[in-house]
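The first chain written gets the first letter, and so on, giving A, B, C and D; residue counts start at 1 in each chain.
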Amino acid sequence: MIVVMKNGSSSVQIEHVVKLVREMGLKEHVIVGAERTVVACIGNDRLKDRGALETCDGVDKVVPILAPYKMASREVKKERSIIPLMNSRAGAVDPTIGGRKIGVIAGPCSVESKAQIIEIAHLMKEAGAVGLRGGAFKPRTSPYAFQGLAEEGLKHLAEAREQTGLAIVTEVMSIDQVQVCCDYADVLQIGARNMQNFNLLNKVGETRKPVLLKRGMSATLEEFLLAAEYIIARGNPNVILCERGIRTFEDYVRNTLPLAIVPELHRVSHLPVVVDPSHGTGKSYLVESMCKASVAAGADGLIVETHADPEHAMTDGAQSLTPQQFAEMMTGIRRIALAVDREA
Amino acid sequence: MIVVMKNGSSSVQIEHVVKLVREMGLKEHVIVGAERTVVACIGNDRLKDRGALETCDGVDKVVPILAPYKMASREVKKERSIIPLMNSRAGAVDPTIGGRKIGVIAGPCSVESKAQIIEIAHLMKEAGAVGLRGGAFKPRTSPYAFQGLAEEGLKHLAEAREQTGLAIVTEVMSIDQVQVCCDYADVLQIGARNMQNFNLLNKVGETRKPVLLKRGMSATLEEFLLAAEYIIARGNPNVILCERGIRTFEDYVRNTLPLAIVPELHRVSHLPVVVDPSHGTGKSYLVESMCKASVAAGADGLIVETHADPEHAMTDGAQSLTPQQFAEMMTGIRRIALAVDREA
Amino acid sequence: MIVVMKNGSSSVQIEHVVKLVREMGLKEHVIVGAERTVVACIGNDRLKDRGALETCDGVDKVVPILAPYKMASREVKKERSIIPLMNSRAGAVDPTIGGRKIGVIAGPCSVESKAQIIEIAHLMKEAGAVGLRGGAFKPRTSPYAFQGLAEEGLKHLAEAREQTGLAIVTEVMSIDQVQVCCDYADVLQIGARNMQNFNLLNKVGETRKPVLLKRGMSATLEEFLLAAEYIIARGNPNVILCERGIRTFEDYVRNTLPLAIVPELHRVSHLPVVVDPSHGTGKSYLVESMCKASVAAGADGLIVETHADPEHAMTDGAQSLTPQQFAEMMTGIRRIALAVDREA
Amino acid sequence: MIVVMKNGSSSVQIEHVVKLVREMGLKEHVIVGAERTVVACIGNDRLKDRGALETCDGVDKVVPILAPYKMASREVKKERSIIPLMNSRAGAVDPTIGGRKIGVIAGPCSVESKAQIIEIAHLMKEAGAVGLRGGAFKPRTSPYAFQGLAEEGLKHLAEAREQTGLAIVTEVMSIDQVQVCCDYADVLQIGARNMQNFNLLNKVGETRKPVLLKRGMSATLEEFLLAAEYIIARGNPNVILCERGIRTFEDYVRNTLPLAIVPELHRVSHLPVVVDPSHGTGKSYLVESMCKASVAAGADGLIVETHADPEHAMTDGAQSLTPQQFAEMMTGIRRIALAVDREA
């Protein structure tokens, strides 16, 4: 890190900073500029609290140099990671995220009944999806809203996998749900509201299931990769990053979908990147365009909400595609995928 | 809610909307305007998913009318709530938040050692604090950063209470920490990153400990009150709302502190409101001004980070006041409190 | 608009609202709901200040129903507008924005010299651009930064048009520059910082030159279309909307590029939409991906900063493509364009 | 500035950066760290485009060290500036902004008629205001909304000054209005939408009238002070900074009012700071609290919208105080002012 002294800082103040830098086990390098003195700190300062230096008299600011994440970074692993979605199936050619083929995960916001999930699973499979999403435990903004079918919903999802071969992706909201979700599902989803639920990150880090980690709605890129780092640091390298839109002042969408994060994440991290245009816009009529744009931007996969009867969906009807709209979208993105030398 | 049809919507489309509205158990009221038709829905639609209507052909948008929270609202309880911080102490005059007196909670970000917390507790008590804050379980952005002393830290906090009589406020990060925190602390803090950790909200809602609920860094006012509603709906009415700054584009602060939320929360809710200018700015040199501004804006309390030696604090040194700065701040806010007919 | 009364509002309060609504020349429709009374106002209320009603006792909020823009809206003109960029050239097949072909405008941030602009113009033409951008008047955040070559720069641009046939796009910053820009350029650009410089909008509205209107960095969609409405209302229908990124908390980019606005603008407006991924990211290594994503999202054109020697560019070097990178990008977007049934 | 090289950058790349740094007239200082090499640049680099360096191979990022503004900064002028509002009146004790006394400017959003402005002026004077605000040229989001009385409105304002002695504060929207506003008004207001209308900044910088410069709704602190720098650099040092709220995701207010900017501006600049809680909240019921909070935070003045009949105000009725509410607010802030050793 670089400690920038205030204009007119005294030599006593600079010496005090140097003393603290050395206490931290770093080596200092004092540069006297035309208007400011800066103290460059040499060494691995990832674990040092730069707040301590900011509080010193005569210090203007402290600028970090090293990215605070490591195992999620491209500096540690040059080639892109390819994550198998169903890591337990011997012999089978399992779907992956991160390779040449764009992996599409689709399905309803919530599992509402066995019939509903089985029906939609067959339609998604037919249209080209590799994974089936569906919530059994639902994080709802209101305590009075439908909270999901819990384990019963997981059983329906497992049954849908038996019939279709689709990988099951479901959200785990709490540490006490991790085991039951591992029992039935293939991929554990961490929702945006839980991106910094560190106990939950640690817990899924102790499993070997692939984790679909959604970006928090106001998380910086650095915070996003540090959340992935929590999981990897516990021993689970199978992290799939998912952009699902951020909170801004925009009011024609539920969230603003910032697609430049796709190439930027690929630049700084080896982890695959999936986009969720359903939550990323909140409007079904914007989903197809944003699916195309995501693939054009380099996304490794998509996660899309679908419902056979959106008008009667228990949750997220406004952003769900019908099976027919989904099939059309798949046709559209296959063309885009070819135009960027991939397939879908 | 009000369903706004598109310009040129057909009568078939309007009839279909009316049918869905009736299916929801609501009564419709169709108003044909100069350019648009709107369908006003009469009845309690708090639990209805308006997304279902948004997806219908011919619908432009659906506008909610009723606030989705109820027990946190002023419509249900007209007078302001006063929350005792130490509800178990018979005979004693316990500190409260929400009454005439501004309740100030102060202490270090993290409990670092017994000596540290005991020393600062005495200094805070002397300067006029009613509560002692200190983290035993720390939510850290990086997995490599100091994660807190856990139960040992809680024991130190309890010892500090024995010596000073200060109410102990500590953060609970996960459902499996709720019991141990209840055993030692007086007030359970839900951090900003966990404001929508619904399982945790339910769990603290099952206790009777006062809950200091921090606003998420991108939570709307409605989401904030719905998080409080989760706790109250489980049976615990002792919720203290805490504004701690939001994430915006501003870069001279760690967070932007939006103080207009103080009078707005008082307008729509009966719950007391506390402000955290330490996280709300991230800079110790801005804390005193923002403490004064918070009290002038009508805050019922403050929560302030302090450390005897900020340069060596394990966490949050940059935003911690020294004991002397804290005592000066208390003098300052006592004057402001009198100017708004309160005391501190 | 819909006036929502507070819970428990009195009949006197409701009658007072009704009186004000009638004074505004609107017809009221009072709907008594289970918990709230609402007053629906019938008539064209676009020009009414709803703030007046919000201030009445007993009123909770006022919800607008009609979009405040009209001539920019799809309700007034169903088919998409196609804007010729060089409307004065008889006989020639002039480039347009809004048709099947994606129109690409490229060139340096600033005109630095005649040699520079002539050289880059030929390279852009060769690679497939239809317009040449280049600033003669530069809006600079700092008063000490290079402010542009003014009329001399415009002459160089006109010379480049003579040699290449490219349409000249240049920014006009102030009402006293409109005439000279009209004299030399084909398309007048209104920069993001001037999107709500209403006097300037009126002034370019009095010309017949196509106007490339950049979205303000914190403008809502409604404000963006109202800025277009200013220009159209003065008699100039040739408005091209340009998304160039918005200001958010994201810090790995200069601006966040929200591509869902492309299909949303097409849904509500007939005007063509161009995207500027150079300002929209601020990083040259993100530009190609965002160009592709923009075309996939349905953009009618792109505006891209290029420089033969970005390391020595006087302005915006960090976001400029080299001519070679630009040519590669063009190859890339041609493939995407075909995949969405367009060409580039 | 500090050039941070990528991990693994080559010596050729570092040498190339050094060459460019020298070309800029700066001296380099290469520091080889454990994981990264950084090149510290010594010299005044305020006028250098760091984008040029960001584009070099092997460069990760470029971190500025010097603030880009100078004449607005506290480094150039240590003591706080006190700006007289009516600089032409010999002998009189003119009101000022920046001294011990909080200067309150009040009045309607728009001048609607002579009678209206004269009536409100007397009421404001009586309640303790030192300035009268009122718009003659109105920046309106919609082209169809009331645009102000222009010069006639200015005459009414001047008449109000004759009768009351209040300083006249009025907005100038365009370079061609500067002269006429100078003829009638005492203080020129630059609106938030024009904060980066650089031609207008230059023009008011050529006058000697005090300028009330409103912060743009998404301007950073640095951009705000650079806008002030434009005015000062042209020769007019009489700049009063005005915070009027920023655009965020918050929806219970028109804008989010970030009061920590008040002490921060005082820390880095010598210019006085005024707060506008009317635009800063958009809700009349929040204005009094935010006036108090502003004064407690250290504001040197307030600018408040008032109207004798807000229900019939032509503009901004929802955020206007009645004269009686204004008088009560003044009583309230006098008490707060005393509590921070000032007066109002």
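Just so it is clear, a residue touches a chain if its C-beta (ideal position, glycine included) is under 8 Å from a C-beta of that chain, and two chains touch if they have at least 3 such contacts.
These numbers were taken from a predicted model, which means no experiment stands behind them.
Any chain that touches chain C and also touches chain D is listed here: A, B. A count of contacting C-beta pairs for B-C and for A-C identifies A-C as the more extensively joined pair. Put simply, the C-alpha centre of chain A and that of chain B have 26 angstrom between them. As a whole-number value, the distance joining the C-alpha centres of chain B and chain C reads 39 Å.
Here the CA centre of chain A is 31 Å from the CA centre of chain C.
Multi-chain contact residues of chain C (touching two or more other chains): 218, 247-249. Those residues of chain C that touch chain B in the shared complex are 2, 4, 7-8, 29, 31, 33-36, 38, 40, 42-44, 63, 65-66, 75, 247-249. Within the complex formed with chain C, the residues of chain D that make contact are 20, 46-47, 49-56, 68-69, 139-145, 173-176, 193-194, 196-200, 217-218, 223, 226, 229-230, 233-234, 247, 283-284, 310-320.
Residue ranges on chain B touching chain D, taken from their complex, read 218, 220-221, 246, 248-253, 256-264, 267, 280-281, 285-286, 289-290, 292-298, 332, 335-336, 338-340.
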